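Same chain, two partners: chain A is paired with chain B first, then with chain C.
Our next item is the complex of A and B:
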């Protein structure tokens, strides 16, 4: 009986001792499809490619940012790199306020973040990027206590129509998107100059006229997700609780027409109407502003 | 060699591709410029240098050694974008005496027709060599350049015919010309086609009006957990003049007179080529670059003979010079701050330009003693330690030893000629 008691005690102690290791093991992994990322390998890559911007501890205070000290007024970068310790991520397929999936981070590494200094790391191997995701997850305690959010449901996209574009245009006004993004989507709304991100850094709303890529992707599907999950850490909220999915698709279709320098089915439809043709023509005449070096 | 990201950054015209590459988005407090120089101590030895004899008569050979504190040359690098998809690079460079020249001056139009497969570069630039001589990790006199990139047979530039303008070429040298290059979005597949003025990168058209073409192609692929591996091919096909057109002065067109021809008017072009294969293999903390070279020079170039009967005739039995080479360079990085370097280069003549007459010494313009005459082996070992890693400055403790062994090229007796070089220094850039 005493032997059994001792054995149970040792087993209990062993489990207690091993528990942190088990948590660490889960925290140090990433799974993207058939890929499994290893934090140890990712650490080597992080301290070769990433830490100059994201910092030794991953807090976004790398030497290229330097928000304090003698260079405080002249950081090399115009946008503070992501703070992995806070674990607040813009590009997610999960609801606002939740952690992203491993695949979300993996996709951000491969895609880069447009209008920022974060380049595409597509040149690294798939395994390299999976390893980096695993290491990034070790930089914040949030990954120990929280699970990644559940991926939001993205319903099938209805075909764009003039009606959906016009409805999206109405919603753009009704939801007050224009206050930040401007009436023509140029990122010059009346509130634009007052916006700051979660690091208290100035941030500029996305200028739809300036390009074809969004912060978190290039497709309508990506734009829908941005709209419904929000960009955490920025003033861009989630609209998941505000509008219905079909309305969100209408807004997506309308937003595409604001990208006047980028050919799309939505723009072609819109230019086929008298109203749309006049608006697009006026937009093109205005041209694309070069803009200041402020976050978008 | 560049990391996969570095290669992509360079191939994209020093752009990150995130709509923030135009200078207007860069902080005006910073100008993209850096300089690099290396204070060193080094020891050089040549085992059979030409020296005077005891009675002051020249024509003897002896081992000559020198050593002391010294400086490397100085490089000023500046590069970046002029606008989105318009980039530049300017590199004034000096020798240790601060005599400057332009090592690189080029502008580049990127992503023409909205595709990464079409980029155009014009100016003086490094050829699209996967193993870059400009980013070489070794610094000694012997191994500061790749022997295979510059090798020319020992029978060339022999001084026999004064009308021959000289022929110098190295694919490691930056060249003047125009390059079209392209790559896949992930940079796994790359190609380049360059048309280059055949002056070995020297400005003011010193010798020729001829051109060369350089072609490269490489493909990277993932080998399981080992990461990216890359293989490639390259080929330079060029022409070089063998005499100058017209005369330079009153009667200098006559053989035997001091000056021949008008610089820049070189004609009587003859061909040369440099071709090869390259593999870059990564195995965890170890990487290996292996290259095979196959090269040839026309018999007029290889014997220093003008292709004009009025100025000279080919030596009896002359033929094209052909040779093969190999390079194996490996690096081991225990951690990102420490790198160990090893390199072996081999060059083997497979066809001499001059007839082989065994048992006799090399007679310029007449004969060589053996097929192996001029063959060369170079061995290099070294290490670099970076006490800190920063994206704004660089500093390394550098130590290196290199040894070169040439067959039969000592200046007087035609015995084997060895060079050795030992170097230690602080290599820094800011």
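Our next item is the complex of A and C:
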């Protein structure tokens, strides 16, 4: 009789002890496909690899951003590391103003963010990155009150055609993408020099002529999501309410032709037309970075 | 006799309707006052809209920035005055708060509305704007609105003073004042404000200015009286 009583009270204590653990376990989880991330494991990784830039509290004020000592006023980084406490993320598959999915953060860790100091963390295992996602989500209270936004619908991509590229070109002008990105997509539009991010740090619009990778990926699918969701925390707005899905693919196809140094089916199609060939030729940077071979 | 009883009846009806009329009169107290500044406020500069001809042509003389708008006798305009404590939270009114982009400026420059009240953002211009409210307590979003687009409809579920900007036109700045109750006002050209219909009670009145921050004062309303509360902000010349 007494044994049963003891066993019962032990069970009661065990439940009481486990209750807060269960709650925190739910907050510190991440699910990416079959992977389940654990915040405890992610914490170890965070304080080994991430906190130098993202800070002890995850607020983006690591010592590489705010170095102490004689060079206190000169951060080593030119873009402030992501503030995980504010939980405003650039790369999302969810609408503007919503939290990203676990997979969005996971993909950013693996991919890195081009034109910033955030490297690709493919050296870590998939499990490591899933654990980090789980830990990052414990750094902001937003994950306790909000759920990730619903992923935007990306319809199947139609094959690029000259017509779709031309229509995309018209929309690029009509929607005034050029105000920031410039008429040739070089990131030199009339508003470009005035842009600041949400922390009042100067920020440059993407230069399409300069590379093959975008801030949030490399594929046409990624490009579609970039302008439909917007890059939160930056001047890049969401166009989800103003662009129809079929028009969005036309813009994707046109934007590819602005990447004049990156081979793509869209660029090949465009260069096959008289209009496109002339535009691409004019946009290609001639010569080498040292200046040799530049026609004087 | 019948005539007399008619008169009595009439008198009773008049008396009853008179007594019913009384509560319709605003029974609460009022807080009113004036917002002023001391010192030298930053000189507002003419906005160069030459990069946006469709907006520039709407003005004969270029409009000036609106970070500090003043009136005669040191009056300070665009100050949000609200009851920050003492009044219960209220449900949002059904009428939407409207924020219009016209001539590459925000009308009004400061828009006050309630938590969960519908917000409509309109673009009256022939150019694209992006509406970027830099919320910190609420969620930050950023949406493009080309000419002829339908209104952007949204609401905020937490009280916050939210700076609003358009990244395409860097001179465009405004404020969303999201408040918990309907007791708010924005100071006019003469710096005056009125908060009517306050039931008896002890209140904290807060005045918020986008460049000068906020100030608070306590006030007690005991009946249908009018209390004067005034605020003076220290102006900075830069």
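Definition applied: the second predicted complex is superposed on the first by the 254 of 296 C-alpha atoms of A that agree within 3 Å, B and C clash if a C-alpha of one lies under 4 Å from a C-alpha of the other, contacts with A are read in each partner's own complex, and residues count from 1 in each chain.
One rule holds in what follows: a contact is a pair of C-beta atoms (placed from the backbone, for glycine too) under 8 Å apart; a residue touches a chain by one contact, two chains touch by 3 or more.
Keep in mind that this is a model prediction, so the values were computed, not measured.
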{"item": "Which of chain B and chain C A:48 touches, first, second, both or neither", "value": "first"}
{"item": "Partner chain(s) touched by A:210 [first = chain B, second = chain C, both, neither]", "value": "first"}
{"item": "Which superposed partner A:88 touches (first chain B, second chain C, both, neither)", "value": "second"}
{"item": "Contacts of A:123 with chain B and chain C, given as first, second, both or neither", "value": "first"}
{"item": "Touching partner for A:201 - first (chain B), second (chain C), both, neither", "value": "neither"}
{"item": "Touching partner for A:241 - first (chain B), second (chain C), both, neither", "value": "second"}
{"item": "Contacts of A:179 with chain B and chain C, given as first, second, both or neither", "value": "second"}
{"item": "Contacts of A:264 with chain B and chain C, given as first, second, both or neither", "value": "neither"}
{"item": "Footprint overlap on chain A, comparing chain B with chain C", "value": "none"}
{"item": "Touching residues on chain B, where the partner in the complex is chain A", "value": "3-5, 7-9, 16-20, 22, 24-27, 29-30, 185-187, 222, 225, 227-228, 336, 390-392"}
{"item": "List of chain C residues in touch with chain A within their complex", "value": "51, 127-128, 130-132, 134, 136, 139-146, 149-150, 152, 167-170"}
{"item": "Parts of chain A lying in touch with chain B, wherever the complex brings them together", "value": "44, 47-49, 52, 63-64, 74-78, 112-128, 210-211, 213, 290-291, 293"}
{"item": "Chain A to chain C touching residues, read off their complex", "value": "86, 88, 95-98, 146, 174-176, 179-180, 190-191, 194-196, 198, 230, 232-242"}
